[in-house]
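What follows is one structure encoded as structure tokens, with my remarks underneath.
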Amino acid sequence: MGGLIAAAGWAPPAMDWHALAPEVILAAGICVLILVDVVLLERGKAFASAISGLVLLAAVVPLLTLAVSDDTSRSLFGGAYVVDRSALLLKALFIISGYVTVLLSTNYVAEGEYWESEYYTLLLSSVLGMSVISSSRDLIGIFIAFELLSIPSYMIAAWRKRDTRSQEAGFKYFLMGVFATSVLLYGMSLLYGASGSTLLSKIGETVESGRATPAVGLAILFVLIGFGFKISAVPFHSWAPDTYEGAPTPVTAFLSVASKSAGFVAILNFVFYCFIQNSSATDVVVPVVFVLSALSMTVGNLIALKQDNVVRMLAYSGIGQAGFILAPLVVAHDRLSDALPSIVVYLVIYSAMNLGAFGVVIAAARKTRSAEISSMNGMLQWAPGLTVLMSVFMASLIGIPPIGGWYAKFSVWRSLLQGATGWSYALAVLIAINTAIAAAYYLRVTKAMWFEEANDGDVTPVDVPPSLRLALAITVVATLLFGIVPSLLTDAAAVPLALGH
Amino acid sequence: MNTFLHDWGLAVITFLPLVGAAVMMAIPRAEEQLQKIVALVASTAALAVGIWILAEFDYDRAGSMQFEINRRWIEIIHSRFSMGVDGIALPLLILTVAIIPLCVIYSWNHIPSPGNAKAFLILILILETGVIGSFVAHDLILFFVFFEIVLLPMYFLIGVWGGEQRQYAAIKFFLYTLFGSALMIVAFLALFWLSGANSFDMTELHNAARVPGALSNTAQVLIFGGMFVGFAIKVPMFPFHTWLPDAHTQAPTVGSVILAALLLKLGTYGFVRIAIGIMPSYASHKWAPVLVVLSTIGIIYGALGCLAQTDMKRLIAFSSVAHMGFTMLGISTLTDFGINAAIFGMVAHGLITGMLFFVAGSMKERYHTLELKRLGGLLVSAPKMGWILGFCSMASLGLPGLAGFWGEFPAILAAYNPAEGLSKALFRTCMVIAAIGTVFAAGYLLWMFQRTSFGTPKDEFADDPHITDVSRPEWIAWTPLLISIVLFGFLPGLMFDVTNPAVKIVAAAAGIGG
Amino acid sequence: MWFLTHPWLIPALPTLGFVVILLLGKRLLGPARAHWIAISLVAVAFVLALGTAGAWISHSDHDTPVTSEVAGYAHVDPKCSQVAASVAAEGEEAIAPVATAHTSEAGHGEAEGEAAEGGESMSQPVVRCASWWSNGDSQFNIGTMLDGQSVLMLVVVTLVSLLVHIYSSEYVKGDRRYTHFYAFLQLFTASMLFFVLAENTLQMIVGWELVGLCSFALIGHWWEEKPNSDAALKAFITNRVGDVGLLVGTIILFFSAGGTWNVIDINTRANTGRISHTALLVASCCLIAAVMSKSGQFVLHTWLPDAMAGPTPVSALIHAATMVVAGIYMVARLYPVFFHGLSIGGSSINLLAVVGAVTGLFGSLLAFVQKDIKKVLAYSTVSQLGFMVTALGVGAWTAALFHLFTHAFFKACLFLGAGSLSHAAGHSFNMVDDMGGLRKKMPTTFWTYVIATGALAGIFPLAGFWSKDEILAGTGGANDGVGTYYFALIMLLLAAFCTAAYMTRTIWYVFYNGEFKGDTHGHGDPHENGPRIAVPLVILATLGAVAGFANLPKKMLGIEMPESLALRFEHLVEPVGAFFPGHGVGFTHAEFNNLLAIGSLLVALAGVGIVYAFYWKGALRPLHGLAERNGMARLGKRILENKYYLDWLYTDVIVGFIKKPLAAATYWFNQNVIDGVVNGVGKTAVASAHIVYDQIDQGVVDGVVNGTATFATETGGGLSKTQSGRLQQYAVLFFAAAAVMAGVLVLAVK
Amino acid sequence: MLINQFLLLAAILFCIGVYGVLVRRNGVLVLMSIELILNAVNINLVAFGTQHDISGQVFALFVIAVAAAEVGVGLAMVLLLYRTRRSINIDELDELKG
Amino acid sequence: MIAALLGADSFTGAVPTNIAFAIVAAMMIFAAIRVVTTRNVVHAALYLVLVLGGVGINFLLLQAEFVAITQFLVYVGAIVVLFLFGIMLTKAPLGVSDDLDNRKQRPIAAIVGLLMLAVLSFALIKTWTDQKVPFRLSAATNTTELSDSIFSTYLIPFEVVSVLLLAALIGAIVLARKD
């Protein structure tokens, strides 16, 4: 065997198991889940959520050890796979989002007669994909990880199998996703063709050496579109509201947070490790990002004004937020040290508050069986705790200090204004306007909860199971903490500064 | 203890109410009495710390920041947890910690419909934290954070416990203010970079903005403009005032009181401390004419607005537009004289209009309407309340010997001689118009007083047993305010002496070459 | 000297009374015992005021006349006054006049020489102050300024107030707000005293406004009836209009005098040409607006008759001693400002004189057509205030104050008398329909009333004669004055004629005119009131009769007055020094003019006589038979018939014209045009308020905001239609967007 | 051989695929059109691979694997739709909109 | 091996390969168009086989034997079968059906497709104007190189794709099964 290997010139790649530990744990967890299901059959269902929760928590452990280890930047496979602190932060974001999603799902899935252990398997797979994508610095790695995080999510979106809405949600998501994948792939192929390498850093160098050809421009555009779909940037957003509304709500939470963040991470990888290094690529990235960002925030927020369903409203709000998160990319070339942290910070805070909001929606729906805004009427009377939590999350989404969202928006704004280009100023103004528009519909929710009378005077309290409570606690603590002491987050997010750009 | 308070007093006073709110959250809703006691204790504790600060404050150094706190906060954006109190902030700080306990006391039996004392009081306490924090913050970002904290509790106070149009009013309030803050924060950021201070500390920004060539003239004017919109909405100045009558009219009594007494002051305080205090004189001088014209329009406009009202509370609300116009008139002169007057005006307006809203609220509770057409003969039905209303009207129209006069008259006086470099003709014209505004003030306030208090009660209320005279919680809540109105009316020096040293620094900043 | 440095006690006492009465309240004090506190405090204040007056007299009559300009500031605390401070430091230099155009007529040196030559002793005002507050670099003091003028007012105010207090204890007995009434009476007195003692203009504003407040509270004392509260509002708001002038005027003075509020400073600087003429002119015009409202001058006087809605003692107080004279007092206080600002010296017309003269005449015309006795008196006050303002306007400073002094007594007497009548006669003031024939029933009231009327009409030797004559002389129309104000003289003479006439008419209606026509509501026949009403009447009538002797001319009808009697008032009250216009700027005193005195007396008598003939003619008819029987009587009758002829002439032609078309027109003008303008301004304000509010505020300003919101929502709604739910449309959007973006990009990148 | 002839062929296939997904309403046919697009990408990758290193072909292999997975998932979903609706016309999926 | 069949050994002129390419390309385009236009579902599947086969031939032309073989195996062997199963299971109309297209979409789809094509061709022609495809002259395959690469540089994607397939499998089963 060894001889054969030697003859073929194949050398076993140096493996840094420590760096790969989170992924290994996740993969092992997936196997365990399948095994439990296979061995215990029906009885295993009860453990599925616990196991997946534990697996996710276990995966956090190596993240911590990696974070405190001396070698903060580990590069594997010739730079195709990098574990640095920003990657760790993002992995942590994904894994914890995954954990919160598990908490949100526990009762939902158990009580809804779904396929439980398979659900968690797919969820974990998706989280694994996200974890991988945050380290991948190579076209193929990114592509495969992207597919791994997408394909299971298509399926869990349709998980409420007999519900035609859920089916529709899943199918729309799937088809649009595949379109996006195809465009992404086409773009990647051109990128590879133009540079001759699949490594982002090499691509960056090669593209830099020559001038940007139309094909490169096209490639960059197609790549951005491919991921733009994932982050539901307008005009590639159309799946999002429908899917969010139709999918099981915990899945929606997962899609709107983890999956969207993964899209951003992919874009960040491309922009920061590849395009950013040369100005001609930037010439392509900036206008494209500008258009996507401006359209997303405006269209998303405007349509959200008209929504009566909380989930659908959150979908559009997510589209609008995506516009905000994208915005700093227009100054990425000159202001890398501000743009990147501000996006990462936004992602983290956005995840916390959005998951929290969905958590409240799920909790409230336990009583109302509905996600209409009007179903939340008078919630102050029947669920004061949830009302306060929801208000915190809504306030955070609006961006009111000192609740997390303000700092997210603030940091984006700050980098835009610091960039001091026409593009960035325009976006800063748009964000200001959109913040006000957005406030209107977020307020509608608080209005229903606080100001209206309970429907039919029904003020029986809602029963919130412990897992949901835990999820809400995690998200609200994170939301508040990041708002009051943003330095907790900024210190971690600022690390990419040290990466030598 | 003393050392601790010297080091952390401002943080303590800021967060004490929040601690109270947290405690209250842990107490079940049914324990209403306990809730009230906790709220009262928390706010009184803050008042006690406030009094301690008042006692320990070094009045000889009233121009400089005292009780300073300066700790690490958000390193990456160079923002620090920096607080301090000087002669400008001190009166407002004390006003805040004094008003809130009174509001809590007033609420003792007056939790407006739909009840829920717990939520109501918690929101008030959160509000208090926000207001105190804004007055003591010495870092722009910290200021901004506190400035915004105020938003939500007020929104809920209006929206849940307000009148019929409460939802509209609440949202209007919210969106207006939010819009203003958006521009304000942009201005802060722009100032941060363009000045090159690399810090959000007010003093450092002040110094950095004055380095020759640091800020171009255009940049100065634009940055000031951003701040202007943010603060002008809060003040509110014409034409950004339309949220105010709605918010005031719809807010529950305590909400109106806090809104009038404290929240509006955030705007004017911002003008003094930040817009004028930090920005170089070029910007202030460019904007001062705008300020003076808008504030003068506000004075007349607010008065006319009052005259057109049929609802007592709305009338009082509109009068705020006019009164804050006087305050802004003082500020726009960019002189120490005018700004002192403005600060006095802020406190006086807080006391007086706060009282007016208290009375209006109590009347609403008794009459269930504030339609001027239906009111009348308050002096017959509830003579004490009627006289209190008359007293407050007199104070509000700027009668000498009561606090209102010392905010109004010196402001008008200051407008005669604005800071060097400002158009005397313009300011003097505005001064005369503002002086005419005082006639209107007398007109609408007395008209209101006549319609509500004189004459005999209308038939529908003639023998209404609900119309009782001032109750005990009302007395407790009102007496300190009434006494303060007289006290400051007779001894204006109590406040002017405190604010003067600090204001001189601000005025010097706004002066040519300052 | 103690009295001179501690006059603050005088306003402090009634203030104390106000606080005490208010705090003790009805419950502790009992329903009708507030007056004891009030009366005793005012009495003490009066005694103190008398003491102060005594001290001032001895202070002014010091043995060695002080002639140095510097000495004038000897008792001015340098803390209070910048001028005093610099005088103390630099001596004469600090107050040397600046030679400017408007003082060119009489040069600097000449003035000096004259002053020294005349050997006139300088007034030495006593100014004490304490720091009140400071703002920026400006210091604000509170203090007292004692000179002849303020001493005079102290005495007048406390005296009238005391009498009114006593009178009220009977008059408003049993009123539902008795306690209240006294509390505000106290505050009213205190405010006026505070105003009078003001050391600086800011303090004056405070006192001025407080007086306004009290008048509001007292006029609206019976606020249950809407007309009363309307009147109170009208009074306050009209005063506020004038206050604008006061505020602006004092502010201008503050700055142009170099940042000082001090009256002495302002006066000295105005007098020595250190304030520009423009500033003085503008300031004095602004201040005139204040005078017009406060002192009920024409155009802004309409509140005054309405203010009769208040209890009568209040009217007496307002019209005699407090409130309305505040305007006169203020002008007198800041006289150099007006003197130089309006160039009173050597001129023949100025705003102040015109306002005063017009008011004097118009007021008296208006008094003709009133049925309400208090309104007659109110218009009379308007007219008399016009006299005072004219006096100030023509430069007859002393005359103005002298008239203020005498007028206070007889007008108070008249008002209290009117109150006494109404108190006895069923609480009506309608003299035409509800009174009549009271001469016998109320003799004390009758006599005091007649004396006061005589004084008002200017009948020799009652007080009004002296003071009015001084004013007429002061116009310089008939002899040497500060200027030559012919028009003022003519107007005032006409006014004097009317005054005598309408007052006589009042007497006819009230005391004669057949039998009592009113209804006492079951209190039996009208009868004289008790001593608490009668005694003040007697005191006031006495003073009204003799007060004129305070300023006897030096020489009258060839008789030299002894030095100790002549011009005592002028000597004690009129300031001399750099803080007051002196001879140097053409300020002189008109001498007593025999011709004018007799002329004016004749005018007054003519007024009385004509009215007498007109009204009493019905009483003459029973004498017809007598005339048939008696030759003397026949002669008398013929004379009377001749008089009749004249009567006809006067009645139908002159009086008729005056009474009907002119006065009615004036009244119509007053009620419709002026009131109309005032009401119209109010209505316009309200109407424009509605326009502003409904259209602009709710429409435009709010509309823009709401419109934007609606627009955004609707756009959102439109956009959300693109979200059709159809997968393939999404796909089209997806690929089309990709293609278009790609196309644009490729073309752009090349 | 020019590399462009392969690339253009791929582009044509890509666009035909795009046309396909836009007009086809039958779910299975849409999936087929997607295969056209994915294969176009593969042609690209392999064509570029001749110019550069082997990673183009590796990429193509991965794409084939992923495409298989996608088709599998897609068909499963089509079946799911068919179960409840008895139709796989994708334009009948319009319950969620707005 | 197949390159050798095409005479790659003595390959200097591009003529034969070009001819082959032209034929294959023409067939592919035709077949592809038929896939998206035919009114018979089964025909579409069969045309798809043609296109996929054509792609495989193109791989061969490009000397990527391993990929070509995989293409044949996976696509033609598996995926097309899957499609046919899909057609059967969904009881698609086996004959001609007008119901397969959304006719209203045709114009816009054509416009989008042509626009896309224009843009892509423009970009491609501008970029790779006349670059030639280099040819290995040896008959040796690069399969080893391929496997080396997969198991070293692309190890992680390889492992990930296995998880992906597993997940897809599990999910597809759950979704597709009756329950």
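Letters are used for the chains, namely A, B, C, D and E, taken in the order the chains are written, and counting of residues starts over at 1 for each.
As a working rule, a contact is a pair of C-beta atoms (placed from the backbone, for glycine too) under 8 Å apart; a residue touches a chain by one contact, two chains touch by 3 or more.
Since the model is a prediction, treat every value here as computed from it, not as a measurement.
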Can you identify the chain nearest the overall CA centroid, using each chain's own CA centroid? B
In whole angstrom, the CA-centroid distance of chain D from chain E equals 9
Would you kindly tell me how far, in whole Å, the mean C-alpha position of chain E lies from that of chain A? 32
Return the distance between the CA-based centres of chain B and chain E, expressed in whole Å. 72
Report the inter-chain centroid distance for chain C and chain E in whole angstrom, where each centroid is the mean of the CA atoms. 106
Give the residues of chain C touching no fewer than two other chains, as numbers and ranges. 709, 720, 723, 725, 727-728, 731-732, 735, 738, 742, 746, 750
For chain B, write out the residues touching at least two other chains, lowest number first. 175
Contacts with two or more other chains, residues of chain A listed in rising order: 140, 143-144, 147, 151, 155, 158, 161, 171-172, 175, 179, 193, 213-214, 216-218, 241-242, 306-307, 440
Chain pairs satisfying touch are A-B, A-C, A-D, A-E, B-C, C-D, C-E, D-E
Please output the residues of chain C touching chain D within their complex, sorted ascending. 720, 723-728, 731-732, 735
Residues of chain C that touch chain A when the two form their complex: 709, 712-713, 715-717, 719-720, 722-723, 725, 727, 729-731, 733-735, 737-738, 741-742, 745-746, 748-750
What does chain C use to touch chain E in their complex? 728, 732, 735-736, 738-740, 742-743, 746, 750
Touch list for chain E against partner chain A, complex: 119-120, 122-124, 126-128, 144, 147-148, 151-157, 159-161, 163-164, 166-168, 170-172, 174-175, 179
Which residues of chain A touch chain B in the complex? 341, 380, 384, 391, 395, 398, 400-402, 406-407, 410-411, 413-414, 417-418, 420, 428, 432, 435-436, 439-440, 443, 446-447, 450-451, 485-487, 490-491, 494
